[in-house]
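One chain, subunit A, links the two complexes that follow: it is found with subunit B in the first and with subunit C in the second.
Up next is the complex of A and B:
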């Protein structure tokens, strides 16, 4: 059993704080609610101690000490607000800014720049620099996703440490010395790894900006909603940053809603990081969406109302139920649906008496030994935990043999998984192919009825990641065009078929889910919070 | 019209060409515990063969030492001796630091530039000469000096430049300017400097060499050695003045990891020439000191980090090391005991900061010369994370004498809490520049007088007592003794005992300009106050020199200096601040005149008559 570390007590700005041995002064200051500014320090990286802005006065030590590196000691007295500390901080900030171009109006970082923030909090000096600033490379694309402005760089070396210690790809370095020092990639090389985008997140200034996000939207127009990345089964915690001024500024990014995804700290899942595949894989939210109910049942395709679509499916199912032919109905749920969606679907089809209900994962993709998972489903574990069988393959074969009349497919483009021929074959044998999903693709185009549904960014609910961690997602956006949430569509269907399902919202569904499903027993949104909870083993 | 200067045609080094170096590379790698430490020697190997280092070469080295190629590129760009472009057949590097500047280095560079038709940084169209301005080469006794490829040449005169342009392959050797002792009964460190064949082990053994080492290894316990050195009041002569016996006692007796002795021979403090004399004139004294230090601290492996520019001293030292192995003084079972000591000579690549002990370790490990956060101190976790004792060349060279003559004898030779004597480098406006040996208690005045004083017709104005970092002393302050504590009490420091003398023809603004240029050039760039502050200071001073000073500039300078002082990982920022603070506070009227009236108090400026033996003349 691990020993509990020794506790030490120190005084910070007159406040007594007790921390475990091995804590740095900086961490102790945060605990004492006397936060110290920092640039080069990052909790996920080694200590560099080079920016010097976290200097604090430690009583009995003549020189100011850097809080990020100095271990807290018993009886230590730290002043983070003394004149000595404040002038040290102000002086360091002035040094950091003398060669900085101060091009905030055209800088993408403006609004979330730590130079701006700290200048307002700790600077406010009369500038004394009257010389020519150092010239360094600007607007250099150092890789597919990242743009470098070496003049804005404060040489904190966070990005260099990231590519050394986290991505372990070693693309970045600091060249030359003195005030000629500059960050860069080796000549002829580029910053291109699965995690490149993180260097933009950890860059405290505008030196590394995101080529995807650059100049799309000023950050003060962004709204932020906590969510979970749906790019793979890892379930990295993220924030969805969307244009919350879209109504008044529709010109921004051609009216797209989601501007970028940013990782959100979760010590048990992704720490501070996320992969580029997930980070830049948000385009499907605003592109190529299914907007309206479509019917291709008889003759030419036509758009329809929700009532028309749901009525059509409802009538078909009712007929088959009455004819006791529900064994000719198949449902292919998706590992992209939330636990709540899956639970409502499970209940609906169980009460109807549809037995052939499976879920389908997307095709496996790239993976690495850090975050990126080959399984691209955000909620396959949830589907399993709800006891839903896996794979659409059997149902497709049955359909191809004419043994199915109705197949209801959710989200997935089955053609990318099983090949185009198989899907066309299956569709031919069916009386009714229903596709309920978010984006347009071959499976949707083959369907007789298309029901547009919401993407995860438009949903409240939970997803279960590869480790069985149930995590909350929140709706950052309203449903696109006429699309609706999946469980709402199914509840609508239930009403047509006389099945009693009437949940008011996702929390109500989850409460019932937690009560009925053994794997989820005892869980609640409160318990899940922002960091998620593991399913019972 | 000057002919347009062109770069030498861009060449490439192919992976196949690099492969031909594989065997040599393996020999280099075998010397080091950790492959990455071979980075600098491997880059040197490439450059010696191909003349420069390209991306393919960086990748080849990266593959051999096992780091990302970008970090090799960092190293190549950090050190001044590595070239990313080919240079001319003869690379002329002219010192433009203060000691040489006082002796006409500016005119020397201007003349070379005119004669070659290129500006510093360029190569002649025929690819024969590349001209560079460099910082202190630490041959200030022969200033103005230059380095042509590996060879030091000085004092540079019109005749020397003629010779260089005509027969660059046969240049005169640097003179040995050991000038004798001041007030000592007999020389200690310098005794053999003027001996014939003083570098050979035969003569060293003949002069009773290696007896102290034999005694330390075969007769004394480590504690006895440390006790003797402690009794001697020997202090670190690299400049910090830390008691050597105490430093050795910090090395843990028991260590799971191997312990290392590292010799700081990265002499770089402008105005300092002493370590070069010890290495080049009496290398076995250093080796003997190392054997004793290794015995006292339990080290079985030692590295000597020699500054990159010291090619000839490094060659001499390597030869001496090889001789010592042959005599059984190094290697296994030295002096027929169980003791062993391996010495590896490691060359730097041009970076003043590597004289800072933790920067030296970073460099020795194959990285940029970045000083490290402390603690841990090197005694606990230094080279490769092992307990490491780091001593300066001169410090170790004192040790054999301490064991031979006793700690008490050595302590008495000194003054106060500083035992023994010291090698003083004297340069600048002085009649007999060179190296002098004297007691720690000698006064600055005695040294200046021994060196003949300032040139005829001039009066003493100011003296830097301990290398360019030390605060300057006015002429009326030279009565101070030269030991660490006396100079500290006088508001300056003993530093490396590099004394730079300035007479009344010196413009203090100009002198400070040289110091500021040096620190801006040599800041490693790690900590923001130093990286930005050194450049800022230089830019302000440069602007005042150009007659664009503003009334507030002097206060800004003082402010910037004090704002960076004490706020960085190492003391480089402090060292950069001290000249600014002391020059301005002690000669404020001169600076104010420059700011207010845009002119020097020396108007018309006195003819800068060169003071070197072979006088430089521009026409």
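Up next is the complex of A and C:
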């Protein structure tokens, strides 16, 4: 029955709004810009209506009604700021706080706690409750990623509904009654599924906190930048939370920059959620990074300047070009590069006359039928859309047979994909193995020239997810140590080789990319915005 | 454009606008006489009062003395903001719960706390390391104001933070918990991390006689 829903009109705080039939009062209030506080309501979950904080006055009904469960009706007159509403809300808050511990100083949620927020907005600062508070289990690890503090729980049941409805694993439940009611894991189980980290996000208070983030950094030290998860090809929309105060507080988390990742709402990709693999897969940004240009060309390895590194590669390529031997040059791009990087690389090598340019995906990994994809490449679709061929296998075989002189590998650790022996063999047959990438691993160690490059969290650009959705990433951090953006390195190389490539920044590259590449025609950063745009099929 | 530049220009113009001295002021003699008068007034007053004190007179009128620092120290008000210390629970662990309120509020950003797990889930959080760089501290006392646990106080009555290097002005957690245990020429153990059981084993020194009580 796909008839368009009837529109109804109601008055909220004197403002008239028109909403489709079936909307709840809470949603209508939001539309009317009269936000109502809520705890148990979550747009991605079923409605429970148990926290009662969303009380509003509806003219004509004697009692206050909960906005999250009351359907809006035609001609309804709702009051969200009347004295009656506010005093009702205050009383509800006081009930919620009856057994709530005074934990804010040690609570990781402090600073982003809805209980704190609403209390500051509506609170009575002198509690009337004189009895002793109920004691409940504190600091209980209920799974590999989540810590439970039952005293802080306000029993909104969001987490329980999440495990029932979204992850469909049902590990959590609310046990006992009345004052003794507490949230917990079902007997013999632990909260361990691909999406368990999300309960921390949806818990409006500090009852469920992240064990990875625990005590690491106070939330008010965090800066947030919109980005896209690079953990798999789904490309869940995220925010990168990094230590904004690192300059003055280098002691936090041993100087790491990224503190945590949080999902960001995108109705077409990940809704409100993200998987644990992606959520906790940010360590590579600060750990085991390549910091300097390294030359192992002749004799002992040594660190070098950018000019030395680029000059060496440039000279080799120039020699081969003059000898018309560019067919002995192979380039293995990576599905971790942004569309901008790939485009600049494509142009550079096309104008040089290097034909053997492919891209390589990382090894497939775990997947499920919700978000997590087996293909772990954040931008394989982008590389395909740019018309770049896939798989480095052929080039490696050629190298092993001695048919290649130069192989330029980007980002991927080919040894984990094709096995260590193959890479060693290929490296032996090559005159120059260049590795341009972010982290140190076997392929980087075998390379004759190592160029450190920036990770996605340090780049501006776009990635294309498994559905062909082009999504924007923003640089949350500056490049690590001496690393540089991939397209900047390639542009440097272009200058050495006399190829005219000089984009000032990522937006300029994308503008040119959209003009030249048919798959990207008509796209722009403005159009992509925060939520991304699908490529033309 | 530059406000700093404007301010500087303003000052220079103001300096030029200075009032010219009168003839009376330009002979300077009255000003010299005035200065001599103030000095000698203090001299005679103190001379008189010290003799009178010997004779048991005017005891309620204080006379100036030179304090023989560092053998003798001045009596300071208990409210004076002096060097920090961390207060302890009965079992010897710090009262501090590493909430980072003081670290956050500190305008000099000279407090560095690394939080750790406390074995008692009702305490939950405890600092592993707690460092204050006194070389940066401006003695504002905001840290004390901000602390919800009365865990940091500025009541040691110590204000001698002289050191041979900037590092010497660094207070590590051991020194903060037991003020005065580190010798003047010992280097601080920057960012030293202790576990709750190590806190309990720290020397439970009776607080050394607070300097600055004058006794």
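Keep in mind that, in the parts below, the second predicted complex is superposed on the first by the 533 of 537 C-alpha atoms of A that agree within 3 Å, B and C clash if a C-alpha of one lies under 4 Å from a C-alpha of the other, contacts with A are read in each partner's own complex, and residues count from 1 in each chain.
The rule is simple: contacts are C-beta pairs under 8 Å (C-beta built on N, C-alpha and C of every residue); 3 or more make two chains touch, one makes a residue touch a chain.
Model, not experiment: these values are computed from the prediction.
Q: Look at A:441 in the shared chain and tell me whether it touches subunit B only, subunit C only, both, or neither; answer first, second, both or neither.
A: In the superposed model, A:441 contacts neither subunit B nor subunit C.
Q: With both complexes overlaid on chain A, does A:138 touch subunit B (first), subunit C (second), both or neither?
A: Once the two structures are laid over each other on A, A:138 reaches subunit C alone.
Q: Just checking: does A:105 make contact with subunit B only, subunit C only, both, or neither of them? Give me first, second, both or neither.
A: Only subunit C is touched by A:105; subunit B is not.
Q: Please work out whether A:321 is in contact with subunit B alone, subunit C alone, both, or neither, and reply first, second, both or neither.
A: neither
Q: Looking at the overlay, what does A:52 touch: subunit B (first), subunit C (second), both, or neither?
A: After superposition on chain A, A:52 lies in contact with subunit B alone.
Q: Examine A:174 and indicate which partner it touches, taking first as subunit B and second as subunit C; both and neither are also allowed.
A: Touch status of A:174: first partner only.
Q: For the three-chain arrangement built by superposition, which of subunit B and subunit C touches the greater number of subunit A residues?
A: Counted on subunit A, the partner with more touching residues turns out to be B.
Q: Under the contact rule defined above, give the subunit A residues that sit at the interface with subunit B and also at the interface with subunit C.
A: After superposing on chain A, no subunit A residue contacts both subunit B and subunit C.
Q: What does subunit A use to touch subunit B in their complex?
A: So the residues of subunit A in touch with subunit B come to 47, 49-53, 55, 62-64, 69, 88, 91-92, 94-96, 98-99, 128-132, 134, 154-155, 163-164, 169-181, 185-189.
Q: Applying the document's contact rule, which stretches of subunit A touch subunit C when the two form their complex?
A: 103-106, 110, 137-140, 215, 218, 220-221, 248-249, 251-252
Q: Which stretch or stretches of subunit C touch subunit A in the complex?
A: 97-101, 103-104, 109, 112-117, 121-125, 129, 131, 148-149, 191
Q: Subunit A touches which residues of subunit B in the complex?
A: Listed in rising order, the residues of subunit B that touch subunit A are 55, 58, 67-71, 73-74, 77-78, 351, 368, 373, 520-529, 531-536, 539-540, 543, 550, 552, 556, 559-560, 563-564, 566-569.
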